[in-house]
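What follows is a single structure, and I will ask about it in a moment.
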Amino acid sequence: MTQRLFAPITLLLVLIFLIGPFLIIVAASFSAGDTLAFPPQGFSFKWILKVFTVESFRDSFVMSMFLAIGGTFAALLLGIPAAYAMSRYKLPFSETVRTIVSAPIIVPGIIVGLALLRYFVVPIGLSITLALFLAHTALVLPYAVRVVSASLNNLRSDIEEAAVLLGSSRLGAFFRVVLPNIRGGILSAFILGFVTSFNQVPVSLFLSGPGVRTLPVDMLGYMEIVFDPSIAALSSLLAFLSIGIVFAAERFLGFSRYV
Amino acid sequence: MFQNRAEALALALPAAIFAGLVFLVPVILLLSEGFRSADSWSLSAYADFFSQPLNRTVFLRTLKLGAIVTAAAAVIGYATAYAIVSLPPGAKGRMIGLVVLPLMISPVARTYAWIVILGRTGIVNQALMAIGLSDEPIRILFSETAVFIGLLQLFLPLMVISLISALENLPKDVVPAARVLGANWFQVFWKVILPLTREGLVVGGTLVFTGSMTAYITPAILGGSKVLMLETLLYQQVTVANNFVSASVIAFILIVMSFAANILLKRVATARNKR
Amino acid sequence: MSDTSFLTLDKLSLAYGNTVAVKDLDLDIRKGELLALLGPSGCGKTTTMRSIAGLMTPVGGRIRLDGADITRVAANKRAVGLVFQSYALFPHLTVFENVAFGLKLKGMRGAELEAKVASGLKSVGLAAFADRKTPELSGGQQQRVALARSMVMEPKVLLLDEPLSNLDARLRLEMRTELQRVQKESGVTMIFVTHDQVEALALADRIVVMKNGAIEQIGTPEEIYNHPVSSFVADFVGFENIFAIRDGKLVAGTGEVFLSGKLPEAAGLAWRPRAISLGSGPLKGIVRGVSFAGGTREYVLETPLGIIKAEVDAALPAHALGTDVAFDLPVGSAAPLKRFG
């Protein structure tokens, strides 16, 4: 009897621990009170609505979206050819290339942000926006290479040879038979990169200036000053946004096959 | 496999050069600062760093929290993973989805929730006072306990996922076989399950350990300036003390530990391929 | 180089990095011929085939096709077709689109394209499958699509990599007939690579046996089967009892044996199990294994020459395990080998 209860009780407790806090945040964002508390005092949409009126949230949301979309796009532009070279060619120094490209995953983001601030932004006068863009691209690059590599390795390389023997050029073969077959992997890499970049804090911590910050960094700053449920409301909105994207990706692409 | 090396390099170099320039060069420059003193190479910055009690405390606390979060994640992770693996396929998929779900949510949001739960007027204090265990709110927030709870919640899913895949690769029927041969549950775990899932444990453990060691958000929100960890200390050194040498030393320590964990991970992975 | 040669490999050398795969290979292939490259894995047969297709650049030598030197011609300009062992169909395209792929690249469009693809599919019996996605097809059907895809391009040479190895026994027989028919109808020069002597013997007009990157023997199936030139070829085509000749004596392992009759001038002799006569003869062995194989009975004998395998009519009385038995190695029914080892 105790053994039959072991599994459900364990799972219940773990799920409460993992997901419970998130549900509390969601509940708190519908509070009618002025301070963050649980159980929420009354029910209203006022905090959810307030989120949209805070100007700095709007600006930093746009910045984070730009970084997540633009940075991931740039990372894929660099990462797809690199992944292709690693899976299809006898690449000289392939281990070195792989290590360099995947290094940003090992080095803590805060160090990357600080290093860019100290050697690019301050002495060269690189704009903070551009530094953020470069940092987020470097951060997403390892994920892009890894996910695209996984889907390239699942694709037999002889279909490219077949395309060439049927008269296609090598570049043509890539666009005609490789790209259509790794579309799912590329989209998955995009979503993983987007979520990673959007939620990233440490890299962006030092890279902020007047009016230029990412949304999570902005939230961190806001919660130090104001203790109202608007951060809870914003968190819930963002969480539902990411979950929605990932759920759609899983549903239509089988996202988890690639990640 | 194509032979043309020039083509291969042309495809791979942009990514490598980008990562090298944007990432490797500035990081190496930053790290080198910690080894310079006046105009020569020196380890004095490291000696200075460790001579200060606060820095030693933070360093040891970071190691300690990393270790106990990993240990707790391993214990809970095994129980959870075992329970999930024994579910029927449909329920298993949904349960894995629920465990992974938090990974998609912003760590800021996930950590922020603990303020509501652990704060002075939070749920835990309300409950403690309601059942009379405490007369006044106790301070949980801004303690190592709070940071521990936050980190565990953040990284437990990584451990569970690693252990699920390890347990799913367990040869069929070894557990019943051990039971039939007379092993009790403890012996089954210790002599059969643990040795066969060691790799999964190491993979999950590395992810949890490096994640905890290099976490910023959790110690920043739940620990504040009372419970500094290496990353929050680094932030403080730069923004408050403007001490880049000290920041460089911390950065180097973080990278070394992160690399060491990853090398361990690679070792285990290659040991498996050889077998 | 003979006048009749359509595809000529002239001192062809191929290498992977520093590993030499094929060395100074000369081969003349006639127009309309069905040629098999036969050999164990690593003998260089697949490498040779890939260099004919242009997927590999030779480190030395030339390849001539239909009078032109194609050694440096790119793979997509060679008019050489290849049916891959894995078929290499494009998984995102339908059967029709797979077959139309190369034709479209040639600029063919509209009704002409439709007609050409349709006739290609019809010739391999897949007219009804045009709109299917290729991963839904069976292995045999996939291979037919791959065959049609190459054949509609009207290649000068069609290469096939282990064309029967991924099929089950029944389909294998069917596909063999199919390949012969397609080859006969189109008159295309066909070269296929195989490690299976049965396939090579059944299908080819001529067989090239390869070993360690060089040609060991070229001949018709009958020549290869009955008159192997070396112990390697003999072993490959099912001679199980192979012995060297030294100083007029048959040698194997520790023993030397005098046989009745004069030994021919050769480096060695090889007998198939069927050629051994059991029950009488100057030689003695102990029965170490016996198994019934329908019409015949197979014996494993321990003899002064080492292990001898014999196969005799099952109607003859059986020799029990462990008993002594007399046997003979009739020189008249042995295949003389020019090279040994």
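Should a chain be cited, it is by its letter among A, B and C, assigned in written order, with residues numbered from 1 in that chain.
Going forward, a contact is a pair of C-beta atoms (placed from the backbone, for glycine too) under 8 Å apart; a residue touches a chain by one contact, two chains touch by 3 or more.
By chain, with names taken from UniProt: A, B = Spermidine/putrescine transport system permease protein; C = Spermidine/putrescine transport system ATP-binding protein.
Bear in mind the structure is a predicted one, so any value in this text is a computation, not a measurement.
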Q: Find the most central chain, measuring centrality by the gap between its CA centroid and the centroid of all protein CA atoms shown.
A: A
(Q) When contacts are scored as defined above, which chain pair ends up with more C-beta pairs, A-C or A-B? (A) A-B
Q. Where the centre means the average of the CA atoms, what chain is farthest from chain C?
A. B
Q | chain B and chain C: spacing of chain centres that average the CA atoms, whole Å | A | 57
**Q.** Distance from the mean Cα position of chain C to that of chain A, given in whole angstrom
**A.** 54
Q) In whole angstrom, how far does the Cα centroid of chain A sit from the Cα centroid of chain B? A) 18
Q) In chain B, what residues contact two or more other chains? A) 3
Q: Check each residue of chain C and list the ones that touch at least two other chains.
A: none
Q) Counting only residues that touch at least 2 other chains, which ones in chain A make the list? A) 90
Q: Please give the residue numbers of chain C that touch chain A in the complex, ascending.
A: 17, 53-55, 75-78, 80-82, 84, 86, 88-92, 101-102, 105-106, 146, 149-150, 153
Q) Which residues, counting only chain B, touch chain A once they are in their complex? A) 1-5, 7-9, 11-12, 14-16, 18-20, 22-27, 29-30, 76, 79-80, 82-84, 86-87, 95, 98-99, 101-102, 104-110, 112-117, 121-123, 153, 156-157, 160, 214, 216-217, 220-221, 231, 234-235, 238, 244, 247, 251, 254-255, 258-259, 262
Q. Which positions of chain A touch chain B when the two form their complex?
A. 6-8, 10-11, 14-15, 17-19, 21-22, 24-25, 28, 36-38, 78-79, 81-82, 84-86, 88-92, 94, 96-97, 100-101, 103-104, 106-112, 114-116, 118-120, 134-135, 137-138, 141, 145, 157, 195, 198-199, 201-202, 205-206, 216, 219-220, 223, 231-232, 235-236, 238-239, 242-243, 246
Q: Under the touch definition given earlier, write down the residues of chain A that touch chain C in their complex.
A: 90, 156, 158-159, 161-169, 172, 176-177, 180-181
